[in-house]
Amino acid sequence: MMGDIWMTLLGVLVTTLLAFVTGMFYMGASRKITARVQNRVGPPIYQNFLDLIKLQAKDTAIHHGWMQLLGPAFLMVSAVGSLMFIPVLNKGLFFENFTADGDIIFLLYLMVFGSLGMALGAGQTGNPNSAIGVTRGLTQMVGFEIPWVMAIVALILQYHTTNIAEILEAQHRSGVWSMFANPYAFIAALLAAFGMFRYSPFDIVGAPAELASGPVSENGGKFLGTMMSSHAVFAFVKLVLYVDLFMGGADNLVELVIKTFGLYLIPLTYGMVNPRYRTEQAVRYFYGWPTLFGIIAILYAVFY
Amino acid sequence: MNSLVIMLLIYFAGAILVYAANKFSAVLRDVIVVLAGLLPVALFFSIPAFEAFQFRIAGFDLFWDLGSLAYIFEALVVVVGAASLVYAISYMKGKKNLGYFYMNFFLSLGSMTGILMSQDLISFFIFWEIMTWSSYFIVVFNGYKTNKIGLTYIFFSALGAYAMLTAIVMINTQTGSTMWNDFFIAFAGMSSHYQLLISILFIFGFGVKAAMMPLHIWAADAYSHSPMAYTATFSGVLSKMGVYGLALVMIKLALVSNHFVFSQVIAWLGAVTAALATIYALIQKDIRKLLAYSSVAQLGYIITGIAVGTAMSFMAGIYLAVLHGLFKAALFMVAGAVEKQAGTTDMHKLRALIRKMPLTFITAMVAIIALAGIPPLGGFVGKWMLYESLIGSNHYFLVIVIFFSSTAAFLYAYRFLYGIFLGQEEEEFAHVKEAPLMMLIPMLFFTVLLIVTGTFPGIILGPVANAMNHGMGFRGVQWEMSVLTNVYGDSIHLSVISTIVVVVFIVFALFLILKGRKGTRYVTTKDIANSGEPVRPEDNYHFALDFYKPFERAMAPLYRFKMSEIYGNISDGLVSFFQFTRRLYSGNGQTYVYYVLLFIVILLVFSNQLINR
Amino acid sequence: MNDKNSQKIVDVIKNFARKHSLFVLAYGTGCGAIEIPATMTSRYDAERFGIRGAATPRQADVLLITGYLSTKTLKRVIRTYEQMQDPKYVIGFGSCTINGGMYWDSYNTIKLLDMYLPVDIYINGCMPRPEAVIEGFIGLQKLIAAGKAEGAKKYKENLDWYRANQKKVIKNWVMPDYNW
Amino acid sequence: MVISPIHYVAIPLLVAFLIPLVAKIGKNWARILPGLTLAYLNFVSVYLMTKVQETGIISESVGGWDAPVGINLVFSPLSGLLVSLITGIGFLVWLYSYQFKNVEKNESQKYFTLLLMLITGANGVILTGDIFNMFVFMEITAISAYALTAFYRHRNGAEAAFKYLLIGSLASTFMLLAIMLLYAQVGTLNMADIASKMDQVSSGMKVTIFILFLTGFGIEAEMFPLNGWAPDAYTEAPGPIGAVFASAVVKAGVYAMARVVFTLFGYGDSPVEILIIMGVITMAIAEFSAFRQEKLKRMLAYSSIGQMGLVIAAFGLGTKAGVFAALFIMVNHALIKSLLFLSGTYMVYHSKEKLIAELNGMAKELPVTAALFAFGALAIAGFPPFSGFWSKVYFLIAAADQKMVFLIIMVLLVTTVEVLYYFKVINRMYFHKPEMELEYRRPSTNALISMFVLTAVILWISFFPDTVMGYIDAAANDLVNRAGYINLVLNR
């Protein structure tokens, strides 16, 4: 019994660490790739670790109230918490965690928990830019959640389960990844992912020159550092979720890295060649093609 | 004596006593308010089973008994009612006409109890109307500005009530009885015309109180303009009477199973209500109005849940109804506390009260998290069940609409918290103190309740499942204390979820708070990075105006659709028609004589028709 | 393993990280700001040294004074500098920060930046080309690695002197106190 | 002396003419004597009502000549109920007007003479078994009503009275015409006798007579479009007289109409759909007009018309349930509308225009009166648990039994309008700030007592409706049972 708990804890720690390290490297890689696309050398791939250490080593002489202090913690809950309910590998030793205790609808909600907490933290700083950034972010969320949910509903209808592990298993049983079984759902979800990752053209939330980085404009040092790490974990979470839902999961870490990184490249490269949408343009974008694909996906799941 | 009657009597006697006591002393009045508010709570939860009570008046048999579904709503009535009354003591301090206020408050509580215990249609209708006018009198409590709002409310309520009355007399004619049960049994045997007519009338009647889509127009104004102490009950519980009625009618009459179109139309109306009310909630600048629209939206979910009518969606609907009662009561209490302490509820004026009213903020945050349906609080359970049931019963586009409104609900949820508690501090509100203890107690009570229901929804699901198995005609509805299972057999474990969320949160919160704790200190929110320009004391950079302008722009077509304009045109038309009829009475004696002569001439001309009838 | 040694190791790691992760406040104060885009973009690519822009002083490590400072701008610069969190560095950029440069006789620009803010490193030239800018940054990195970039400490210790200088040129001093 | 129905007519008539004489003795006697008379009549009501419960219909022949030949008074449960109602409210109105404006001064003689005459007339209409006699009493009622309308002797009052007179004379013309035609056909004036001989009349003639009666009595019963007189008369007459109009004059008209329809013609033989149609139209138009009124008493007048429309429609249903509902509404309306008139009068006591806008903030100045008015408004709008609700429910059930869904919906829609304008007034009284300076007059003790008595009665009916429903049920049976009435009066 006691051993179980230790094993569980160990699993949690290893998963989190894995997510953190992978996420950080992905972010480093994204900077590197962006630089290469722009014909630059770019920072080393471990640059984000250095940034993180530096940020954690910086003083935080001031805060604007306890909600600001807790804001990044909410973000972490959402990132680490979601990770706990997603099967990282198909049949891993440590990485099942609490997959059986949650399901995908629950995840949808847990994933916005962080944004709301973070928004509260940003709100308390009193910087108008933070609040403006938050409103943009939330508005954009209303946009991309719809195709994303449509894709998920399509999957649920197709596999008659809401449990992610079972969706995975269903894919294995049929031998077809759901991105081929229901391509429309995958397209809708992928287009929604552009908004979810907040690369351009959907990066108006923290537009540096206009909003002074928006919600985080008052947060330096440990706040920014914690947020960065949570972003890293969260990016990994989203990628693993996509891989699980649409690409049949991964049997080992190498496969996982290949699949997630491949997926990660899509919003990244799409963003590199795109300018920035205004918020309402972004929302309209999501209610255009992505939603149409979502509808087709649902109809496809129902009638096919 | 019968315990149901005693509860009823406590409320109605409380109404009279409190009015009388107000003439003598304020302390006595408050004591009576608390006593008459808390006594039914004690009575209700200490009595294991209620006996029925029957008597005869005016040729009608009245039959009172507390059904198992009504039990849930009655629990809500006594708990939220008592909390609102305790809250009201502090909140209403210093206002005039308190005897009048409390009298109507108790009358509405008593009438709600009466509605829930009525097993016959006549007493149901009687209590329904008492509820309507007593709540009306509180809606207009705040003076002449509320005149039009009150009239809108009473107009729609009267329309709804009379629709119900029509249905009741038709039932009486058809079945020769005014008992709910006889009606339920006889309904299947009625002709389809009557089935249709009676169901539509009932749904119309209940839909008004439940603020269903075309009938919701009164709700936002009425909720936001009554005193907040009452709105906690008004929006939290009174609107649930409509839900209760809808639940009875939709499920017991098997409208859902036998009349597919019916359930679809109502479910879609609920969903559209939710969506439209949500997008209107997030452009409000008054927090009371924001909450009022949010209430309408939440009622939309509940209606959808009930109308879809599978076991799980019904459970979700009732669960949400109870939970909405709890968190919306808490939120309206927060609004009341802010109104009382800061003197305004305008989000364009309010600034950063979080450090002034931390406990109020915690209440607001917990209630908002519950409202937004974010785990691990109670609201999530209802949302989860609703989605799972909608997907499970193949309402896949309905679920998208619901999901849209629930996502958009984050927007107003954030705006509520930000608008009151966050942002830049302002001298004007430097004096604001935390709400008085008597207001905090009920608020914190709800906070605890919401946290507990998040992990152990079985507290509510148990009675709901019981009601569904015994009386609502569902079979074998299962429930567990902290496990939810959907139609596919997948389950989520709320205790695990809560543990993880809490543990992770605490770990990182401790990390953030403890790290560099000594070197960190608080600075005012005027001390912000602002391109090097210090914020002067007389300036304030709080962001409140046009908060969701991007959203408004993106959703511009939806905002163009205004129900109130349609109703405005109708009412203008009616008023001019009334003016025309008034003109018929010209005041000229000759005209009147013409009328008389015209009348008799016409009748004589058509007398052949009269013979041959 | 005593405290002193472990502290040393930690310091080395910290300084290494600081050295390779310089967030520059994107705050163009003077005409020299025009050189910054060139420094950051493809041709000279400062990011390979870990130098990148930061939007607000809360997140930034380096304050780059790009050229002349009018007294009006100085006020904002001081405020911005004070809002940055320790450790923080100032780079004086171009001749104007050293001696006023071509504005040596102007009535409303300051001549010697070091009188008002603790400059860690100067970059000579008018304008200094991106190569020079990068060299300046590398110089700063060396200082950091050696633990010698202590401008902030100097500022804190000699705050009165700096304040007196600042108040001398800024007549309407309405700023909050520097208190961290 | 044996107590008999004739007292209802004879004693007030006698006292009415005695008043000027008595006034010579002492001025106050002119005010006290009517009260004593009405009190006695109430006693008579109690006595006869108990008696009629025991022994059935009391038919009294005047001057020893039996029915068809002589004039007879019929005290049935129906007429007894209405007569008791009228005398009861008459007494309360007397109590109320004991100290009222001009009534306190010399005018009291005229006022009470006319009041007693009016009550005599109304009682007579209801009690008499003779159609011509009914016409005569109707004239007495009407003429005293004209005079009371013009009681204040100012311009508007005179105008209103003149309009009333104009249309009232049309009413008497048509009534008389109808009676003439009827007499020519059947050769008798006794209603029971006519009823038994109605078969002899050709159907064309029957319809003509019916239409003439309908017009004649419809004018008194405020049926649209014959009710042009009513709003003006209610508005210009002294306040308490409004209550008398609503409870006596109109009730007499409606009773007469119902008698004609149910007894003279027999329900099945007369074209009664017209009653339902006209009733609903009356109600709708009246309530719609009331919504836009600016004067309080005018609004109450329209509301009164609306209620009468409901009553006419209920009679038109023709079933026992319908008649029962109609009578129940009549009772409730008489009581509640009286309360509204009595309390409303004090709220616009000194006002020239008597605008509703002047009621703003009235609850602060006259809390009791305002509360009573609000109570009355709730009750008449049919809000449960007050008495108006019970009668409305019975009406709806009666309509539903006849499968008249459209009627139900119409009535309820119109009631919604009624609810709205009453609540508008309540809002003004309680929640508005006064816009203009007004002089207030607190109700005198006697006025308060009479209002409280009315309130108590209404509350009693609200919570113990069974106590009155027995009487109303008997009355309804009486009206529907045509053969029984004929047999009893003609001693068959």
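Just so it is clear, A, B, C and D label the chains in written order, and each chain counts residues from 1 on its own.
What we mean here is this: a residue touches a chain if its C-beta (ideal position, glycine included) is under 8 Å from a C-beta of that chain, and two chains touch if they have at least 3 such contacts.
Computed from a predicted model, the values in this text were never measured in an experiment.
Undergrad: A-C versus B-C: which interface comes out with more C-beta contact pairs?
TA: Per the contact counts, A-C leads.
Undergrad: What's the distance between the Cα centroids of chain C and chain D, rounded to whole Å?
TA: 97
Undergrad: Where the CA atoms of chain A average out and where those of chain B average out, how many Å apart are those spots?
TA: 36
Undergrad: Go ahead and note the Å separation of the Cα centroids belonging to chain B and chain C.
TA: The separation of the two C-alpha centroids amounts to 58 Å.
Undergrad: For chain C, give me the residues that contact two or more of the other chains.
TA: 56, 58 - these are the residues of chain C that touch more than one other chain.
Undergrad: Residues of chain A that touch two or more other chains: which are they?
TA: Residues 59-62, 212, 217-218, 221 of chain A each touch two or more of the other chains.
Undergrad: Among the residues of chain B, which are close enough to touch at least two other chains?
TA: Answer for chain B, listing residues that touch two or more other chains: 527, 529.
Undergrad: Every pair of chains that touch: which are they?
TA: Result of the pairwise touch check is A-B, A-C, B-C, B-D.
Undergrad: Taking the complex as given, what residues does chain D use to touch chain B?
TA: 159, 162-163, 166-167, 170, 174, 203-204, 206-208, 210-212, 214-215, 218-219, 225-226, 228-229, 231-232, 271, 273-274, 284-285, 288-289, 291-293, 360, 378, 383-385, 389-390, 393, 396-397, 399-401, 403, 405, 408-409, 412-413, 415-417, 419-420, 423-424, 427, 430-433, 464-466, 469
Undergrad: For chain A, which residues are in contact with chain C within the complex?
TA: 31, 35, 38-44, 47, 50-51, 53-55, 57-62, 208-209, 211-213, 216-221, 224
Undergrad: Touching residues of chain C toward chain B in the complex: what are they?
TA: Going by the criterion above, the answer is residues 27, 56-58, 75-80, 83, 174-176.
Undergrad: Please name which positions on chain B make contact with chain C in the complex.
TA: Where chain B meets chain C, its residues are 527, 529, 531-534, 536.
Undergrad: In their shared complex, at which residues does chain B touch chain D?
TA: For this pair, the touching residues of chain B are 56-59, 122, 125-127, 129-130, 132-133, 136, 140-144, 146-147, 150-151, 154-155, 158-159, 162-163, 165-166, 169-170, 172-173, 197, 575, 577-579, 581-582, 584-585, 587, 589, 591-593, 595-600, 603-604, 607, 610-611, 613.
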